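The letters A, B, C, D and E name the chains in turn, as written, and every chain counts its residues from 1.
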Amino acid sequence: MLLISLMILLPVVGFALLLAMRSDLARNRLTAALFSGVPLALSAYMLIAFNYGNPGYQFTEHYTWISTSYFTISYAVGVDGIALPMVFLTSLVSFLVVIFSWDVKHRCNQYFGMLLLVEAGVMGVFTTTNYFIFYIFWEIVLVPMYFIILIWGSQRRVYSATKFFIYTHASSLVMLLSFFALYFEYHSLFPSRPFTFSITKISQVSPLFPALFQEIVFLGLFFGFIVKMPVFPFHTWLPDAHTDAPTGGSVMLASLLLKMGSYGIIRIAVPALPYGAKYFEYVILVLAVISILYGAWVSMAQRDMKRMIANSSISHMGLVLLAIAAAVFTLNPKTGYINTLGISVADFQMFAHGLITAVLFMSAGVVQHHAGTRDMKSLGGLARKMPTLATMMMAGFLASLGMPGMIGFAAEFSVFYVTFLSFGLLLIIPILTVVITAGYYLWSMQRTIFGADSGSVDFSGIHDSEWFEWIPMLVLILIIVAFGIAPWLMFNPINIAAAHYYSSMAGALR
Amino acid sequence: MIVAAGSLLLSLIMVLSREIVHSALYFAGVLIGISLLYFLMGAFYVGIIQILIYVGAVVVLILFGIMLTRRSILLG
Amino acid sequence: MDPLLQYSSLIALSPIIAFALISMVPSSRPRLTEWIAVIGVAVSAALSLLILAIEFFGNGSGISPVAYQQQIPFLRFSAGAAVTLGIYVDWLTVVMTAVVSSVSLLIVIYSVGYMHAEGARRKRYFGVISMFVGVMLGLIMANNLFELYIFWELVGLGSYLLIGFWYEKPSAAKAAKKAFVVTRFGDMFLLFGIVLLLSVADHTVMYQALFQPSSVTALKSSGFLTLATLAMFGGAMGKSAQFPLQDWLVDAMEGPTPVSAMIHGATMVNAGVYLVARMYPLYSQAPISALFVSFIGAFTAMFAATMALGTFDIKRVLAFSTISQLGYMFMALGAGAYVLSRQPIGAASYSLGYSAGIFHLMNQAIFKALLFLAAGSVMHSLGGTQDMREMGGLRSKLRITSVTMLFGSLSLAGIIPFSGFFSKDAALEAALGGTAYSPVFLLIWLFGIVGALLTAVYIFRLWFMTFAGKPRYPPEVHVHESPPVMVLPLIVLAVLTLVAGVAVLGVAGFAMAVHYPAVLSPHVSPYAQFNGALGLLGDPATYLSLFLAFAGVGISYSVWGRGRSGSKAVSGAITSRVYSVLVERYYFPQMYDKLGIWIGYGVARGLDFFDSKVVDGIVNGVGRFFIFSSENIRRSETGYVQQYAGAIVLGIVVIAVLLILLPMMGV
Amino acid sequence: MIPVLDVTIFSAALFSVGVFGVLYRRNAIMVLLSIELMLNAANINFVVFSGTAPTSAASADGQVYALISIAIAAAEIAVGLAILLVLWKTSDTVEVNEVATLRW
Amino acid sequence: MIQFFASGMSPLVVMIAGAVLAAALSFYVSNRVLGWLSVVTMLITFILLFMIIGGEIPNPQTFGNVMVEDDFAAVFQLIFLSVGLITVLPSVKYIEGDRNQGEYYSLLMLSVAGMMVISASTDLITLFVGIALTALASSSIVAFRKKDRIAVEAAMKFYIISALSAGLALYGISLLYGLTHTLQISALASSLQGISPSSPSFPTAMVALVLIIAGFGFEIAMVPFHMWAPDVYEGAPTPVSGLLSSGSKKAGLAAILKLFVVALIAFRTEWAPVFGALAILTMTVGNIAALQQKSVKRMLAYSSIGQAGYMLIALPVFAAAFGYHGIYGANLQVFSISSGIFQILTHAIASSGAFMVVAIMATNVSGPTVDEFRGLFRNNRLLSLSFTLYLLSLLGIPLLAGFDSKLLIFSSAVGGSIIQGYSWLIWLAIAGVLNSAVSLIYYVRVIKEMFSDTESPVTKYRMTGFAQLSLWIATVATVAIGLYPGPVISICNGAARALLALL
């Protein structure tokens, strides 16, 4: 089965083609749509063909890439229940972003090419089962994203792009070192077995790693991942990058790139170093809680709409980390037992946030595009001029603040549930976010789409969003609502897979 | 021993001397001292080559160089 | 089981389907949306009344506690823990759906006339209002707490959309936001309580499982029961606008008047009361929570009534009145629960508080909807003003409106034989009943009784200022009675205020709602009803409150009733400090604004500053540090080759030192 | 026979003088001369150690190394002087610290 | 004839012959022909080297205890030749208007020949001769534009420092000779085993060690022996800078590998921490100093210093692995050396490519500033894209050659840190990683300028076919090795094994 490889390769081919093409909007965007549309179709097929009863990896592929006596790297990909929502999210959001960017005229061939390359990288991160390939894709994502911010960004794009690049690159290098540590430790623990970068093989023996090793290496991995998520206090690249990126870039960044960090934690950091995670459980918890409240609270102070949404992402990704902390808390060092519910919930919240935040950034992009500013203080009364946009934006905001009937609520509730299971009454602190989030979203709606014109923006020539702007949003909202009404459709496979994926820990100790 | 001490002294004077041409001459002295040392150690061939090449060629070369790179010889 | 119950989910679904249909209608055809909305709500009303009638008159006495229940999956956390969606029909559900859907129907019909001028925007109005009714009914029919929370939030969403219907008015947008945020503050506690229950109560929040005596006992012994019930009451306080979260409901008057009627009469605010009633098996085992509920309710009842005295906005008076009446309901429910909690499990037999609370809810729904619709009719005829100082003397112009409103006022004031009398006195009696167990209830009862007096005063102040005396509105306003589509609901509701109390009490002894706590006491007859009108009338306290009600009306009449609305009494009072406190609503709005600005925005600004200066400052500082060191290292390249040579020699020395030191350091 | 230790001490001293000269003198030619001193010190070592070699082949090696080094030194000085001459022509100086355009 | 070409010495001989021929013919043939001559010479050598690596020409072949042509030598010679080729091709255009082009090509080839000697030598004096040959040829060629003050200044600095280093190194070598009476590296390795920290000759050995480190540290621009490098790289004709950065520095590394991995292995516990500290220092100073450079050439010079720091990581890791028994230790020995060589190789390609871009950009000596790269992408795609690829490769972005090698070298450090007593090796990896992050700042600065929208201040660059070819060679090598490093890694393994075979 070449399914996954195709999903990774097609965007790369598209990228190469687009770079080779001339800058011709009509043809470029069709090419981009094609090369991101086919992966979407493939992932839709995957949703159908996926065996939901099988908790393990499916559609696996395995090729040896580099092989020497001491260094073996294999290209290995596969999808299980944990990766499935992420894969779907990636192909969906990428395609919708291409559609949304239908009218980007400036250096359009490169723009679409970069978008496709980001898609390929993210897809690779979510599907690979090899540490090394994981890192490669992880890094590949940085370069096109950097260019997207740099070339098509707004005012402070140079600063933001550079900051993004340096910050995340530094963290990923630390992560890489930790991978190496795992690689060698595995071999020195089992000299009879060959060196391996296989995520699954290392996870299968992880509880046997010595305690100090786990603690140190976990710290490295954790740092690498939480910078990407991002988590307080390593989050400051995010508002800048999101704010200055073009809309398509912001969407990719928020919907997909942030998920790479949390995905890394649940796929790698915790299973590979369970006691390291256990050792730092309170660190994880505290960082998560701070991120949740801090991100939300800082959002409230923002005037720039995108900046507000970016900060809210910090808050929502904090919920992901909170769920992870809840799972780690249940880990029993003696038996290797872990209640993986937190892991599943984290994955689910990632999926939810990926869908929702795309709508948010798209709506901010439309506002920017049509009204010419994102400054909420100078906006106002947009709903009368742009009813479609206002509807979409409101739906997105409501989804983000956890309105039932939309996927955000199911995810948020699950997070609170697992938090209570692990931490009990401590839940009262993170749950405050429910109010703060509602506060800043509603306030920003009051300032932008409701009320009267502020008078500082000329609304005379303004018109409602274009078809290529609202259709992607509508599609996302429909999916948000669909999974909001029946979240079990996505949650059950995640849950089964997470339990299976982590079961090896107990097995190793037996 | 004396030769060695003498050479060392000469080398010091050479390094410290303010006039370059003098230095070059002291340098020649040092080299000759060293070649003497070679003779004393029984390495005659090396000693001869030392005199031939160093004292014969290198010092001349250096003097030549000094001459070419000075505005006025012997006037500092 | 009645076969009709299988279709009971339609009660909630039909307005939601109507909403979906309306959203597909092109906005150029608003008329169609009216029809769809009316039909959608009418279907629920018809169905729920039918079920009520069948259950009541048909095989009423044989009905089991859980008449009907079904579910579909939502989230499955593990083998033992899952949340589902489903419907749950018992007596409480039947009563509540009947009240909510029928009153809503009348309001929707009224809206057809009231909103006529809105043009194409009616599509949005009728769409949202259908949704609103639908989710409220869903809330009532939910079969577990989680599902209740879903609808609970959707009700909040509906109120947000409706209050902010005229979103281009900044005050409306602000009021909508306030309504949502303040109720969400309460909802947060509710969510917390639900999560708590879900986690400790065997991973289920299904009513059926939760209310098993065994599980309630287990909860109680786990120590979480009080916390969970208190947390849930937090949600109820938000939704039902109890002190200190009452203020949003007053601002919510920014919405169209039928919306106010809907929120106050039929739907939203009742949700909190419903929640406490639904969770009665839990509250009746948690004395602290019960006492708290009762106390907050009683205090709010009196507190809101005082504020109602201080406003000239006709709708705001009614809003305060709603808050106050909801307080009575909580007072009754809490008192009943407290008494039950003091009796041994299995032998508890005190249902007065519970019955009174639900009964009052029903009556309030009716007369409050009536009052609001009548007020809307007044505003409609006057061209939109809400200030009572610009009314007066309308009795002759608006005959039907004034009479129906009088009915509503009498009911609210608790004048026999209007429905409000029975339920309010029952509530006060329930509070008095609590004194046997705790002296606090004496205070609670006192609050209630003072509130009753004030209620009569402020509602007749409203009535007199509006309809009596001389006209104060500008003469050019052409006053006319509202169209039939608006008047008809008024008449229906007015009749209901007159008959509901007598009918229910007389015919059924209000047996149906009493059923519920019987879950806790299987040995007691499920029909341990309170003794109906006779019981009430046999109690001296009743006469006290009745006297106070009449006294209140009298005071009103003496001050405002003789056409002296702009008189000295008022102007004198207005200057007094006490009065200004009332006008400013005890400075609650300012306090909330301050709170919002200081805690919300102020801290946010502080954190933002911290974020950009400190956290990001460190990040940038690291960068600057590198640039700084780069500059220094760069400057070490002086261009002097001898310095380079020196560096080499220095390097040699350093390496030598390293070679000596490193073994010493044990590397 | 001259004691080996003494000679090595002498060569070390000579080497140090050379290093000192490199650092101390500003004139490029003097720097060159000092470097030559260092090379010579190494040569002395080669020669003196060749005397203590266990085999005659190893002993011969030492002297051969010395010769090679003399050759290299000669070549070096030639190239060095050539560069200095060019420097003189372009910059009008052979003071090493007067040519410091390239920096930072 | 066939016998000659079957000899392991043939590449060296061909190179020297080419150099002599170029100098001799310079009066008779046109400059263009001279360019072709050097290219052809290098190509022939290339083919010969491939035959050696492929085993067509028997290897290893030893030459009288002073040289050996084995896989190690061949791989390094291949690197030098690639660099030479990449350097020579744009040179044709670069020195178009200069006189004495014959000498230029001749010196260039001689310099490469010197490097080849270094990589093949098994005797310290041969090594020294090779270094002297390289240094002398390079310093002359730095002063190739003898009217150019800056170039001459650079030559002077280069010359003085190289001569000083030669003095230091030679003195150290002479001390070693005194201790063992041999300069044959394998013999040294065994006879130095007897010197333990308690033996009386140990201090002498340490002095020799320090002097040798200093003397050879100059060649690879190891901090604190690096200070000449930026000035010289900036002042030299740009192709020569490329040669220095990518060629002679690598030759220095080859020398260091031979010296420390083979000859001085007995003192590994002494030099391992020293090299560890120097590696960290080198990469940190190089990368941080590069941050604030305006001249791209100077920036590349510092970057190349920083990169040398990464390469040095191989040494302490090898030291750790050498004492470690079992399959793990044996593997790690080869791994560390091999990844060091691999890093040398990838850096040589990317760095020479980058210098050639700079050479193409400007024919003036001090080179373009970062600002002058603004908008380059609009003017010249090949130039800007290939430059981006080189920089990203230097930075270590996946699927480019530099990434693979950086990865191997860092991973070898992590692998070594597991060994008892060498846990500090992890700091090398961490420092390397942090430095990578820091280096991103200045690499990205140039990339950012190239892709900015503003109009380029400089007109379009017209490139000769040769120059384009040079860029293509470097680009293809960077990408191909990045995508499929397997074969190259196994060649490096062969080289590492050949080096270890000398022990």
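Just so it is clear, a residue touches a chain if its C-beta (ideal position, glycine included) is under 8 Å from a C-beta of that chain, and two chains touch if they have at least 3 such contacts.
Bear in mind that the values here come from a model prediction, so they are computed numbers and not experimental data.
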Study note, to complete from the structure: Touching subunit D and subunit E alike are C
Practice item. Please flag the chain sitting at the greatest distance from subunit C, going by CA centroids. Key: B
Practice item. State the pair with the higher C-beta contact count; candidates are C-E and A-C. Key: A-C
Practice item. Could you work out which chain's C-alpha centre is the most distant one from the centre of subunit A? Key: B
Check your understanding: Central chain, going by Cα centroids?
Key -> A
Exercise for review: Would you mind pulling out the distance in Å between where the CA atoms of subunit B average out and where those of subunit D do?
Suggested key: 12
Exercise for review: State, to the nearest whole Å, the distance from the C-alpha centre of subunit A to the C-alpha centre of subunit E.
Suggested key: 42
Practice item. Mind checking the centre-to-centre distance between subunit C and subunit D? Centres are C-alpha means, answer in whole Å. Key: 97
Exercise for review: State, to the nearest whole Å, the distance from the C-alpha centre of subunit A to the C-alpha centre of subunit B.
Suggested key: 75
Study note, to complete from the structure: Touching at least 2 other chains, the residues of subunit C are 623, 634, 637, 639, 641, 645
**Study point:** Residues of subunit E whose C-beta touches two or more other chains
**Key:** 156-157, 160, 164, 168, 230-231, 441
Check your understanding: Among the residues of subunit D, which are close enough to touch at least two other chains?
Key -> 18, 22, 31-32, 43, 48, 50, 84, 96, 100-103
Exercise for review: Can you identify all of the chain pairs that touch?
Suggested key: A-C, A-E, B-D, C-D, C-E, D-E
Exercise for review: Report the residues of subunit D in contact with subunit B in the complex, numbered from low to high.
Suggested key: 1-2, 6-7, 10, 13-14, 17-18, 20-21, 24-25, 27, 29-30, 32-34, 36-37, 40, 43-44, 47-48, 50-51, 63, 66-67, 70-71, 73-74, 77-78, 81, 84-85, 88, 94
Study note, to complete from the structure: Residue set of subunit A touching subunit E in the complex reads 65-71, 135-137, 139-140, 142-143, 146-147, 150-151, 158, 161-162, 165-166, 169-170, 173-174, 176-177, 180-181, 183-185, 187-188, 191
Review point. Touching subunit C in the complex: which residues of subunit E?
Key: 156-157, 160-161, 164-165, 168, 197, 206-207, 209-211, 213-214, 217-218, 223-225, 227-228, 230-231, 270, 273-274, 277-278, 285, 288-293, 424, 438, 441
Point to revise | Of subunit B, residues touching subunit D in the complex | key: 1, 4-5, 7-8, 11-12, 14-16, 20, 23-24, 27, 30-31, 34, 37-38, 40-43, 45-46, 49-50, 53-54, 57-58, 61-62, 64-66, 68-69
Exercise for review: Report the residues of subunit E in contact with subunit D in the complex, numbered from low to high.
Suggested key: 125, 128-129, 132, 136, 139-140, 143, 146-150, 152-157, 159-160, 163-164, 166-168, 170-171, 173-175, 177-178, 181-183, 230-232, 234-235
